[in-house]
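One structure, as structure tokens, below. Some questions next.
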Amino acid sequence: MKDNKYFLDDKPDKISYSEVWQKFFNWARAKSLWVVAYGTGCGSIEIPPMVTSRFDAERFGVSTVGTPRQADVLIISGYLAVKTLKRVIRVYEQMQSPKYVVGLGACTVNGGMYYDSYNTVNLVELYIPIDVYVAGCMPRPEAILAGFAQLMKKIKEGRADGWKHYLDNFEQYRKNQEKIIKNWKIPNYNW
Amino acid sequence: MRKIVAIFFLTIVGLYMLSLFAQIPFGKPYKGVSEHYVERGIVENRGSNLVTSIVVNYRGFDTLGEVTVLFLAATGLSFLLFSCKCLREFKRIRSSLVLRTATDTLFPLILLFGAYIFIHGHLTPGGGFQGGSVIASGVMLLFLAYRSFHVNHKALSTIESLAGITFAGIGLVGLIYAKSFLANSVISLGQWNKLFSAGLIPFIYIAVGFKVGAELSGLISDMISTTKED
Amino acid sequence: MWIWYKVLYALIVVIGGLAYGLLLGGISRKITARLQGRRGPSVFQNYIDLIKLIRKRTAISHGVMFFLAPMFRLLGGIGVLLLVPIIANNTALSNFSFGGDLIVVLYFMVFGCLGMALGAADSGHPHSALAPTRGLAQMAGYELPFLLSVIGLAIAHNTVSLSNLVAAQQGGILHWNLFQYPFLSIAGLIAMLGMYMAYPFSVVMAPQEIAVGPPTEYSSTFLSFMFTGRSIFGVGKYVLFMDLFLGGATNLVEAFVKTFVLFLFVVFISNVFPRYRTEQAVRFFWTYPLVIGLIDFIRIFIK
Amino acid sequence: MVNPVVIIAVTLIAAFSIGIFQFLGKKFVRGVFWLTILFDFTAILSIAYGFLTKVIKAPIMVKIGGFPPPIGINLYVDQLSAYLGVVVFFIGAMAAYHWINRGIDDPEPKALVLMLLLLLGSTGMIFTQDFFNLFVFIEITSIASYGLVASKLDGFSLEAAFKYIVVGSISSTFVLLGAVLLYKFAGSLNMLDISNHINKSMYSGGMLIIISIMFLFGLLIELEVFPMNGWALDIYQGANPAVVAILAGGIVKGFYLVFVRSANYLKFPYLLKIGIIFGLATYLVSQFFAWKQKDIRRLFGYSSVGQLGLLILAGAFYINGNLTGFAKKYMLFAIIFFVLNHSFSKSTLFFLADLFGKRNIEEWKGAISQNKFFGFLFSSSVLSMAGAPPFLGFWAKLFFILAIPRQYFYIVVLVLIGAAAEILYYFNLYRIASENDGEVLDYKGSIIPSLFNVLVLLGLAVLGAYKFFTITGMEIQNAKFLAFITVSAIAVLIIGISRIAQWILALGMLISFSYHLIRNQNFVSVFNIQSFFVILVLVGAVIFLFATYPLSKKYSASFYPLFIFTVFSMVGISVASNWISLFIFWELMSWSSYLLINQGSKKPAWIYLVMSAIGGYSMLAGIKLLSTGSNLIPVFKASAIAAPVWAAILIFTAFLVKMGTAPLHIWARDAYGESPDGFTPLLSGVLSKMGVFGAILTIVYLIPHISHSNIILYGLAWFGALTALFMALLAVFQEDVKKILAYSSISQVGYILIGIALATSLGYSAALYHTVNHLIFKGLLFVAAAGIIYRTGTSYLPEMGGLIRRMPFTFLAFLMGIITLAGIPPLSGFAGKWLLYSALLEKRWMFILLIAMFASIVAFMYCYKLLHAIFLGQLRDKYRDTKEVPLPIVIIELILAGLTMAVGMKPSLILRFSDKAIKTLGFSNPGYAYEGAHRIVSKFGYWNAYFMAVFAIGSFIIALVLFFLVKAKIRKVGQLDIGYAGEVPDSPESVHFGYDLYAHMRRAVRVFIYPHVENSYRRIYQGLMAFVDYTRRFYTGDLNTYALWVIITLSFIFYILYKGVF
Amino acid sequence: MVFFAASLLLIFIGLYAALVKRNLIKIIIGLSIMDTGVNMLIISLGFVKGRTAPIISLKDLFKKGSLLVDVSKVVDPLPQALVLTAIVIGVAVTAMALSVVIRMYSVKKSIEIDDFKELKW
């Protein structure tokens, strides 16, 4: 347990800005959302239409990026298996704060149509914090864009603080994660 | 093919050499050192046999070398054939009665004849080599006649060595007393046409005779009985 | 004392260059979007991205080189921008071009690239190590026609001083090297496409293939420095090419116009071609632009 | 003094008396034998000593039988025969000792008699002055040899003996015929008498030609002349090595003396022709046939035969070559030295071959590395045999080449080709023998005879050097310096027990030498190009020697002596005042560096040696072309020499080889890459610069005197440019750190070559600057590489990675080195590039400029590769506890890194020296000018190094400060914590990108990096090998064929010398 | 002249044997023949028509008591002396050769050249 804390061994400091600056930065964060290109489930098929010509998410500043290091947003695109959850957690932990998670589809809310599968994560919220849910099976790109608009609004208002929540309750989250992931073997790389 | 090539090149070489010999007059009088040898041979050596004079005296060094060569051959032969079992399978057959009887009679005579030849080397044709060869032929006759005959290698070897040492020693004596190696004038030259004349030539030839006889006998012995019978 | 004024001017030039470079990036994204039938982001999107990157809360570091590389990158960009005279013989805008001639600029251009490559390699990510090798290989490709044109021009004008090169092109549009030595210029301009690593020569960054190339592991402030350096570097290169082929500039407006034309050239070409593989790019550079450039090169050689 | 005839008489009596003593026991026989040998040796030594000290002034004439010469036989002992007699008895004694020690064949008394008589025969042969007596002694010698050759009584030796008997009989038949016919012709058998009787006009008749030919032909057969030497090779292969040692080392030399002397007495006018045809044919054919030889004794046999061919050639020139004055003296010494050298070294080699016992050279693996003493003896003899300085063979070869008249230049070329071929196969053997695979080998018998021989060889080396310098009248400083080098190296060798002591002593020597040099007012006040290079060598040597300390534990005791040797010979090159002394030190450098490289890896060292030999010998040939009739030793500053183009090209080849210029570069990659790590910096940083020095000398002193010099210079520049480009390209695809640096070195030296070939003052500035700079950064890189290899145990790049975490200082220094290498502005590398490009622009060599600049772009690729693959990327688990490289290396690294920074800021630190040097080359200014304190201006451009440095550092600091102002919270993550698609890499290796970094580039440039040159060399080599392998079947082993060739040769000689019949 | 030609012929017959014959003994015989030829040649070189052997009797002297020999009476004695040496040497060589052949036979049980071609190339 202690060894695994390595990935988040240092909480971000809380620099206090003046209200105006804070708003300005939040605005910039909201207008520049880089989504890590990581498809977890069937919902990921809806992402490409969203960022290409038809729906053109880039006009809102939403663009995809190939590496979690530079990304701001992680989309849990639908059905999440236990096996995938491990990767999702790792990707999430590799992203830099502030970072946001968008849950896509019914599966992320309650397991959806696969709720009774031995392998389904029914409530993602238990394992990583989710800022915005987009319901549907599957939600259309318009719905996703609406979700993003919601997210932007939350960011601008400074309410998108799932990452803070994750840090504050890290032990709890990790306990939940370990409950479901049996062979959790993240090696200790602290040399 | 090899034959043709060989003949071809031999012909070429032969032609060249023939062209050389075509230029050499045959049977014409000689000049050079031989004139000296012939003209002053008796004066300087008191030996009738000019060939002997040359062989032993004027060119005595050659003869020393010659003796050495023979010695070398004998040594080499016994060196190479030492403890050789190579020819064992060839059985020496028993010789005929005639041969044995004749050998018994002739052998002393042959020895005597050989001794005569090398003792008179400075007076008559022949000399140490010839005498030695004759003696060796007697030994060979013994080998032919008697299946179990063998020579005493120790004795032969001793004779050989002593004779050789004598020859070279005579040379050194000359060096000491006449300031010249193999000098003939260490003792008096004596009177011409007498047995005891020609200075050291007879002594040298006696030594050579013994040596050659011993060596050639040894050669024959080595070749015939490459292993000791006993 | 004058040097401090120069430094002051240089700071202004760098800030202006950054602003201009970010703007050009935004315009480029807009044009691309429009060509794809999208509305596209705002032309100021790059500013927003930069602000966001600076104000990320956390960043990670893999090591010393990883840490220093963005600074090298920035230094390389600033160096190129400042060593090239924007307006020759202008005390303010000839920048630091007294420090070195064209050869110095050519070699200083590598400084930033090398720094970034080292940082990328230090991150330990295979993709970011792969990208510099591609970049260097492609560099070996485009540098050949580029050097060809540079050497040709230097020999033709008997100078490697950029100010003198600009001075030699004054006196009308036909005195530009673009028209004086059209083949050399074509070679040089094609090489410029490679230098910007835009399509079809985008194999270095190769989005969707090797993540984002060298800066795969970079984030937050580091990335913002890289971003800055890249923008300034881009502007510096436009200015360099302007000086080399388009006769330099006598005032700022002219400089903006000419660099913008060069920018459009790059953007439009890059938007209509697919990506070359490394060796294809190298082979391309070593054949067509080289042969085209050789026409003028030999002309100069004979003369 | 003893009467020579006593020697013969006593030997004879002893031989005869052994017949009696053999019954007394072995001890008596041996006693008699050794007493005789001792007596003979002492006697003949006293005669030789008498000649040497001029106590005996005239040749000794001994009348035998008291008759004056034409009537009786007489002995005639002159200096040469006395000396040769000493050699024969010495070798004979050694051979006998060896034979007895290794188990003499039974019956021992007979064998000893044969041995005694063999020595007697050869002594008589060289003493006698009578043709027929000569025949008798030849026969004594031959028959004794027959017996001794057959002594082992196995199939091989008997076969050899029988062949020898048949061919020897034919030979003696011709000798006999010739002697008798000579008597018939001249009426005498005395050589002097006949000689007085003959004059050259008699040869027009034809008769004398055939007679002389017959006589001399008989001797030629004994001299193992091609194509009738198959029997001799069979003897070398088949007979007892002890016997072969005395035959090859002593007896054949007797035949040689007899041959030359007879030809002289006969006033044979065609000796030169015969000598050239047969000598050269024998020499070349045997040197090449030996390539494919697997049996070591036959290999030595080929070598012996080849040396005899050379001797015949030399003798022919000496007797019949119309040599005058010095040339004749040189040739005489060449012959004497050849004989001595061959006798002692070849007999040693045969002894050693017998000690080791294995016949096939493949089985010699490890022979000299297992047993140090054996190795020392073997190396000494092989080096002497192959003509490595300062051994005797070298001086012999040098004398020989100097003495040959210039109109016979083709002979010089062919002889040198043969010499190179000889080096090729000898050191192929040496290579195998010095490989060590740890198998325990046994050596049978005593090394005492070999030891004696080698001691004599070493003494002779001193003698040879002394004679060379006194006779040629070269400056005595050269000799003194040579002695100084040798003594220093020996001093270092002697304390070889402790590496630290060696290191300290060597360092002390270098430093004190440098100190003395700097204190020398003359040296400082006259600062010229030579002083420039002396300083370069010494500084480089001190720095790199300092860095070797941690590595030295791995090296053998000969490392530091050879290091000293190499360094001082480079100093010798730098201060040489004429071409010959340059050549001497050049060879010294090549050989000592070869031995050093050989300590690292064998095959590359061998290639290096062969290429060096080709280079060195072509230089010698070029120097030969420079010499004129009276002036055999060409000096540099000969204003009015009519230097032919070929001289320049040939001399230049040597320098190009050392510089590794394509297409002569094939040695460089592996030699640099696999030489001892402590030596590679010197090899790259300093040794290759000797090529630069030579090239400058050639271009300054030689090229202006030849026609078409512009074309040659332009061609050289092209060579330099192509080298720079292609070697850089090849470096990109290497996977070994030292090999990358090796190619990089050659590439950089290619730049220097361009600078030199420009022959303008700016070009020289660039070249000299880059020379120093390359020393700094390449030395730095190699030293760092040595440290890294020392710590990691590998030089294979894919095995490394991530070492920045373990070796931060080394990384810093290495980075500096790489930036300098790449020529990126703030550091010192850029100045050289800028100067060179400016010089090229000035001369308007556009294409070369394009290639040169492009090559530096290509260089970025391998620069990055080096940094990445060693230091960056993922650190392997096995290096997790690796330490920083040892302290001395770190010190050197940081010093050198500091130097590049300092020079980067102020290039004038180096340029002020190069300016002075350039002024002495005849230029008024260095080609660039200072504008203000730091701004350097050429005709084309300008550049301010100081500003650039300040600007770069200032901007960097500003950027850093800015960064710290705005930075986010940064945390350090582990090396495996990378964006890996949500996965965790299982090991550092799986995500380290370290192998074949430029696979994509390879596809684009495949045709350029295909090893065309190496393959063509290989193909040439293999083709030659196949050719040799096929043609050496000439020696069918069939007795009839051998005899047939004798006759064919005879008819050929008849045909070419006397066309009377046809 | 015939002597010359004949002895040359002998020499070349001997040489031919050495060049062509595959049997070691035959080669030795050839060498002996060659020796004989050479010896004959030497003797015939010393021959002078109408003179006697160089064994001096009284009638060959110039005048009594002087012991000086009339050169025109006897043939050249030197070649005869040389031949003596040559013969002995020939014998020695033959003896050596034969002993070597004996040994060779004992090693390979053969006296054909084809069995003795191991040393080559």
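Just so it is clear, A, B, C, D and E label the chains in written order, and each chain counts residues from 1 on its own.
Here is the rule we go by: contacts are C-beta pairs under 8 Å (C-beta built on N, C-alpha and C of every residue); 3 or more make two chains touch, one makes a residue touch a chain.
Note that the structure is predicted; figures quoted are calculated from it, not measured.
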Walk from chain C over to chain E along touching chains and report the minimum step count.
2
Using direct touches as single steps, what is the fewest number of steps from chain A over to chain D?
1
Which chain lies at the heart of the structure, taking centres as C-alpha averages?
D
If you tally contacting C-beta pairs, which pair wins, B-E or B-D?
B-D
Rounded to the nearest whole Å, what is the centre-to-centre distance of chain B and chain D, using the mean of the C-alpha atoms as each centre?
55
Where chain A and chain E are represented by their mean Cα positions, the distance between them in whole Å
115
Distance-wise, how many Å sit between the C-alpha centres of chain D and chain E, to the nearest whole number?
50
I'd like the Å distance between the centres of chain A and chain C, where a centre is the mean of that chain's Cα atoms.
36
Could you tell me which residues belong to chain A and also touch two or more other chains?
10, 12, 67, 69, 96
Touching at least two other chains at once: which residues of chain E meet that condition?
15, 19-20, 45, 78, 82, 85, 89, 92-93, 96, 100, 103
At least two partner chains per residue is the criterion; list those residues in chain D.
132, 136, 139, 143, 146-147, 150, 153, 181, 183-184, 189, 968-969, 971, 975-977, 979, 1040, 1044, 1047
Quick one: which chain pairs are touching?
A-C, A-D, B-D, B-E, C-D, D-E
Could you list, by residue number, the parts of chain C that touch chain A in their complex?
29, 33, 36-42, 45, 48-49, 51-52, 55-60, 207-208, 211-212, 215-220, 223
Which of the residues in chain B come into contact with chain E in the complex?
2-3, 6-7, 10, 13-14, 17-18, 21-22, 24, 26-30, 33-35, 37-43, 46, 48-51, 53-55, 59, 62-63, 65-66, 69-70, 72-74, 76-77, 80-81, 84-87, 124-125, 127, 129, 192, 219, 222-223, 226
Touching chain E in the complex, chain D uses residues 132, 136, 139, 142-143, 146-147, 150, 153-156, 158-163, 165-166, 168-170, 172-173, 176-177, 180-181, 183-184, 189, 230, 233-234, 237-238, 292-293, 298, 1032-1033, 1035-1040, 1043-1044, 1047
Contact footprint of chain D on chain B as seen in their complex
2, 5-6, 9-10, 12-13, 15-17, 19-20, 23-24, 30-34, 36-37, 57-62, 64-66, 68-69, 71-73, 75-76, 78-80, 82-83, 154, 157-158, 160-162, 164-165, 168-169, 171-172, 174-175, 178-185
Note: in the complex, chain E contacts chain D through residues 11, 15, 18-22, 24, 27, 31, 34-35, 38, 41-42, 45, 78-79, 82, 85-86, 89, 92-93, 96-97, 100-101, 103-104, 107-108, 113, 116-121
